[in-house]
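After this come two complexes, each holding chain A, first together with chain B and then together with chain C.
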Partner chain A sequence: MLRLPPFTYLQPRTLGEAVRLLAEQPPGEAMAVAGGTDLYPNMKRRQFEPKYLVGLRRLPELRFLHGDARQGLTIGAGMTLTEVSTHPQVRQGYPALATAAGLVSTPQLRNMGTIGGNLCLDTRCNYYNQTYWWRQAIGFCLKKDGDTCWVAPGSRRCWAVASSDTAPVLLALQAQVTLLGPQGERTLPLAALYRDDGIAYLNKGHAEILTRITVPPAEGLRMAYVKLRRRGAFDFPVLGVAVALRLADDGTCTEARLALGAVASAPLLATEAAALLQGNRLTPEVIEAAAAAAFRPARPLDNTDLTLAYRKKMVRVHVARTLYQLAGLAAPAAL
Partner chain B sequence: MAADDYTLIGRPIPARVDGAGKVTGLTRYADDLFPARLLYGKLLRSPYPHARILRIDTCKAAALPGVKAVITGADLPRPFSIMPVNQDEHALAIDKVRYVGEPVAAVAAVDEETAEAALHLIEVAYEPLPPVMSIEEALAQPDNRIHTYNRVGNVHRVVALEFGDVEAGFAEADYIREDTFFFQGNTHLPMEQHAAVAHCTPDGQITLWSATQTPHYVHRALAAVLDIPPSRIRVIATPVGGGFGGKSDPFAHEFCAVKLSMLTGRPVKICLTREEVFYAHRGRHPVLMWIRTGVKRNGAITAMHFKSFIDGGAYSSYGVATTYYTGALQTVTYRVPNYRFEGLRVFTNKPPCGPKRGHGTPQPRYALEVHLDKIAEDLGLDPVQIRRPHLAKPFSMTVNHLRITSCALDECLDAVVKRSEFLQKHRRLPFGKGVGLACSAYLSGAGLPIYWNEMPHSGVTLQLDRSGSVCVFCGAVDIGQGSDSVLAFTVAEELGIDPRDVRLVTADTGITPVDLGSYSSRVTFMAGNAAIVAARQLRERLFAAVAEHWGIPARHLRAAQGRIFAVTDPSRSMPFAEAVQRAEAKFGTLSASGSYTPPPLAGKYKGHGVGPSPAYSYTAAVAQVDVDPDTGWVTVEKVWIAHDIGKALNPYLVEGQIEGSVYMALGEVLMEEQVFRRGVHKFPSMLEYKSPTFLEMPEVETILIESLDPEGPYGAKEAGQGPLLPVIPAVANAVYDAIGVRLDEIPITPEKVLKGLELRAKGQVARLGPRGIPAFAFPPPRCVEVPEEWLVHLPDAKTRRP
Partner chain C sequence: MKTVVRLRVNGDEVEVWVPVHKTLLEVLREDLQLTGTKHGCELGECGTCTVLLDGQPVLSCLVLPIEVQGQEIVTIEGVAAGSELHALQAAFAELGAAQCGYCTPGMILTALALLRTNPAPTRQEVKEALAGNLCRCTGYLKILDAVARAAASLKDGSSYGG
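On to the complex of A and B.
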């Protein structure tokens, strides 16, 4: 079988100690690990060869979830995806988050993988998520060990894909994240955590740890998450559509946010599409216009399952379908 | 004996003999073996699809502490291949590499980490050559040769055969149609990765434990490659965690494990990673096909011409057989009076293709069944009308000299049509919903062995113990299909004992009589027959001893429920163990052997070795699909499948094989593709090589049809492969019924469906598939006369005969 590279596992007792252990090493030499469902397979394929792993799994400071739709939610980054997806307050007040967390990979991996880990998930590309040997045969790539992006060989940037399921939902819900680092704690909008760059995809120092996610109150919001993938389990999204809407009594949309996953190196907020919804009733015309607007900025490339032309087309279809569903309308029959 | 007289045979018995071990983790697969002083082997593989090896330097690797041996092609210079012709493989590449992933060197070390580190220290200098990555490239670049032993360019094999008079047949036709199809390659994806443990002991005895479907052929190949008498080599097939044809060849890791053990004197294990399994491959060949059929207005076929262009990958493997198989079984489902087959297999710089469930027949079956669906529509017939009157008949010969015995294809077809309400649904469901139909046939074991010999294909030895237990020795390998259970139930049935009193020693070339292996759906048929012969011999001796004791004729005795009874006097019975003791007292130690050799089936023309079988199974299937017109997503809602099993020895096992076949077929038709980019396998992982999970599995309604084959054990035929065949075209035909788009290329992915719908919306031909076939001049066909027996079943053919 593929073997892990040698490393030393450090088990801090407190978050502060974890930050210190990470800060003591140069970048890349020490990495934080929670569920390990993304990191360990990547280490086996030599995407990462840290000398030290700092284990976050047993830190009680990361293991909480409180609040509800009325007050807002605070989720410790160490809560597993199973815990998040089955939590009564999440299911009741933030059903799209429960859906997204419950669609990640398989039950076994959701029992190990954490919400913090899913937000920090390494970007993915089928030239990158391969063994060292395979990458050597292809001549390595820009993201690791090489100097060419095989997806767009003329490109100077990496086009690996943001593949988190929970990030688009939390973006649409205007979540904030709190990071603890050597300089102390800072809180920022989730959108500010991400960069549209396949390599430097997080605005996060190597010794900073994502500690909690704060989600604003969601009472009265209609929300949904739709995940496109080939199979009902295992697969990362080839498209994620997250929508949060507020509709007035007369059906006018007073608040709208759309976020897309797996169409770029960062989860994208489709602001133009949201603006088309805001202040309007969700008629089929408005929905189709918003779907067309969401479709435009999506720029998938040929580096995941299914072709890029198909994935781009599907943005429009699935955004429209999600909006019809939230508006309580039947989607029109095609063709 | 009437069917109802059986106590075990034909009953749905859920207890497989291997079940408890597998679900509790007690089963020891090859990778679970840890002999003392075990070393771990790893293979260095080529990163180039096509390159000359200029030199290999293993010094640094050999010097690494913990490394015990390093070998290269020079250490294993003798070639091998599963087929006696085209011995074109080496355990480790010599002079040249022909695909990314081809083994070049091997290391044995004290642990896997050290072995892995040693691989990085082996220096190989390559001179890259232009790779040949498709059928078209192989034919377009005859001077860029992958091998030199073949006669021309990259052509591995050419076949051209004609049976009857095809031109006259087309002249008689009222309607002629031509179509082209492409079937993408895919792989077996067994749960268990290939693994082998070799031990060469100081006395020079070699044992190889390996996850193989063919221990007998591995035994022969080891002897040839290592140049060691086969009598010193023992191959033990460990329980196989899924084979599907992917563990039917001798493999590099098996030779290397043995060689490394010979050099170190320590046991050596090599377990492939999942990625390496994709390189070992031997999976479904990509095949480009052209078919031309002439029919009468009522759908009767007057002539058929079929061409296949087969992408073989880098080596021959089973490819000669595959080539013939793409043309062999078209005639076994429908009466084809005149038939021409032209097949061509090319070499490409990809992992070698080989046998996967259905071996060379799913591709032409897909083409033929979709082609017939189109002809039916052209003639204004429904898919049942074009097939029903022209089905193969029981006890007939096909035009290409295949002997059909039992055949209940008509019942299979009627059953699925009725249960699925096919005729009420076909062309009548709302847009986006559709049903499709297809039929098929498959062998119950190849009629001829892989290497020419006149010995039995399967042997069973039974040994009786005074306790009343029976030990079965048989070379057959249970790869999950249930062959061990069939052996135990068969012996228990014949001796009237509890199957739990039967012990099995199987698949050990040092101990068990030869069985040729778990391929071509042959084991239940052949080992089952051998077991019956052996068990009946033993029973005769038990009856002789009991008859003598009771002073009654042996013909009055029966064995059942763990006792021997006198049918004439129900008060008289004795426990089985007592009968054994009396027989042992009379005859000495009790054992018996039985074997099975298929009847002579080979026709009188070259190439007839592939296709004959002692019996053919038949299948019909209907698939119902939902196609989302916005996304192109195809959801299979239900599959109805009727299978002529001859006799279901254990309906649970048969249904399991059929459901597994449906599952595998759905993966092939909708998702799976073994594809390459820049010469490298695009995604050699279970995550990105898309194969369905059980969440994608639809409801399957299985109908077993029992035609009681005269040659099969208790009338049984095969179930392991045939049921895969009709499902693929049934889905393609259902997609057409749903949205009016022809998918003449599989897999049928959402993007292809959407593309087809776009063409349809623009008023263009709503078809996706190959535009044509390469210009290739096949040699004039070898013309074969139709067999005499053919006339019995096609009276109007008489008038055409000279």
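On to the complex of A and C.
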């Protein structure tokens, strides 16, 4: 059997105590765990062998969701993906978020995994998400225990892929995240949480805990999330496209944000594509131009499911399809 | 680190003295001899170790017993009433929805949670609910049929529904 490595399990009663317990240990020796759906498989494969686990699962301070599209939403990081995806205010006011949370993994894992955990999801790679023995057989990799990136052997950085479904949507919705650490609380735009580096992919101290997500009001926003994966039932995304836009009565796009998942080590905001939409009506020409612009910065590498060339091509296709859908236009049959 | 864990499994209070890093799956099978819960991938991908936690399907290979003390755990052993099979078990048997049988406990528990919240699911809803349970024999059609039959027999009151 694939068993967990031994550790000591600490059960703080408050968030403050949880931060203290994490801060008492050197980085890597204590890790926070909520749903465990990302961390425990990684621990079984010996990607992580912390001496201490600090359990966040039962902290009531992380378990809330309030607000609506008019006031904005505040989501406790400990809310499960099932709770987020089925919450009436999320479904009504933030349908793309409900969709994305509902497309993560499987029903069982959504009952366990949390929205905070999905935002902090470890980056993924074919050469990394393998058992210890498999990784040992190839001499390990740059992300863990080795010194070569097998995706790009000449590279000095790790190219593991940001694979969260909720992150692109929350980026497109301009969400902010709040972290609690030994120095106190800080709030930052979600985009600032991420770094395009497969190893150090989060701008978060080891004793900092993501406590809540704040999503601005979204009344009148059109939004969608489209996920590309091999199986309809469950898989990590090989591409995620999130779009949020506002159209004036005459059809002019007054606000647009596009975010892509699974094309880099961080979820990416496609700012150039968004700029092409802003101030324009969403005609087929404008949509195609924006899709082409979103396609350019996407640089998938050969380290997830499906082929690299196909994944890159699909960025353009899925961005265009999503924009046609949000504009209320039929996409061309060739798309 | 060994610890005492108090669990509520199939309505019984049990106390086990186990290493804290043993998963619920391992404790159910190795310490409580409840081997109806199967171990498959042990990485959260296959669904065969599904148990119900406060009525919701979860994967016991990724749950630590210490995290679920005080919560209600139901395994496949807790589904029948003595010798009387639950409607789902009867339907799986009648329709041959179990081939090798390895995924069956997880399938039945996941379907049980579905029927409790949605007594008359559409075929699509059954598919979505069972999306996390892999059948290595690929006998999905009989499984979907069995869930539909169980839902119908529960509705007309002709079989035991827990």
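Following the convention adopted for this analysis, the second predicted complex is superposed on the first by the 334 of 335 C-alpha atoms of A that agree within 3 Å, B and C clash if a C-alpha of one lies under 4 Å from a C-alpha of the other, contacts with A are read in each partner's own complex, and residues count from 1 in each chain.
The working rule: a contact is a pair of C-beta atoms (placed from the backbone, for glycine too) under 8 Å apart; a residue touches a chain by one contact, two chains touch by 3 or more.
Being a predicted model, the structure only gives us computed values, none of them experimental.
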| item | value |
| --- | --- |
| Which of chain B and chain C A:T254 touches, first, second, both or neither | neither |
| Contacts of A:M314 with chain B and chain C, given as first, second, both or neither | first |
| Chain B versus chain C as contact partner of A:M1, first or second or both or neither | both |
| Contacts of A:N203 with chain B and chain C, given as first, second, both or neither | neither |
| Touching partner for A:G36 - first (chain B), second (chain C), both, neither | second |
| Partner chain(s) touched by A:A233 [first = chain B, second = chain C, both, neither] | both |
| Which of chain B and chain C A:Q183 touches, first, second, both or neither | neither |
| Which superposed partner A:I138 touches (first chain B, second chain C, both, neither) | first |
| Which of chain B and chain C A:T283 touches, first, second, both or neither | neither |
| Residues of chain A at both interfaces, chain B in one complex, chain C in the other | 1-3, 6, 233-234 |
| Touching residues (chain side chain A, partner chain B) in the complex | 1-3, 6, 126, 129-131, 133-134, 136-138, 150, 230-235, 305-307, 309-310, 313-314, 317, 321, 334-335 |
| Chain C-facing residues of chain A, complex | 1-9, 11, 36-37, 40-41, 44-45, 55, 57-58, 82, 105-109, 111-112, 233-234 |
| Residues of chain C that touch chain A when the two form their complex | 1, 3, 19-23, 26, 39, 42-44, 47, 50, 53, 56-59, 61-64, 66-67, 110, 127-129, 131-132 |
| Chain B residues touching chain A - in the complex, by the definition given at the top | 45, 47-48, 100, 112-113, 116, 271, 273, 275, 431, 628-632, 671, 678-688, 690, 692-693, 695-696, 749-751, 754, 757, 761 |
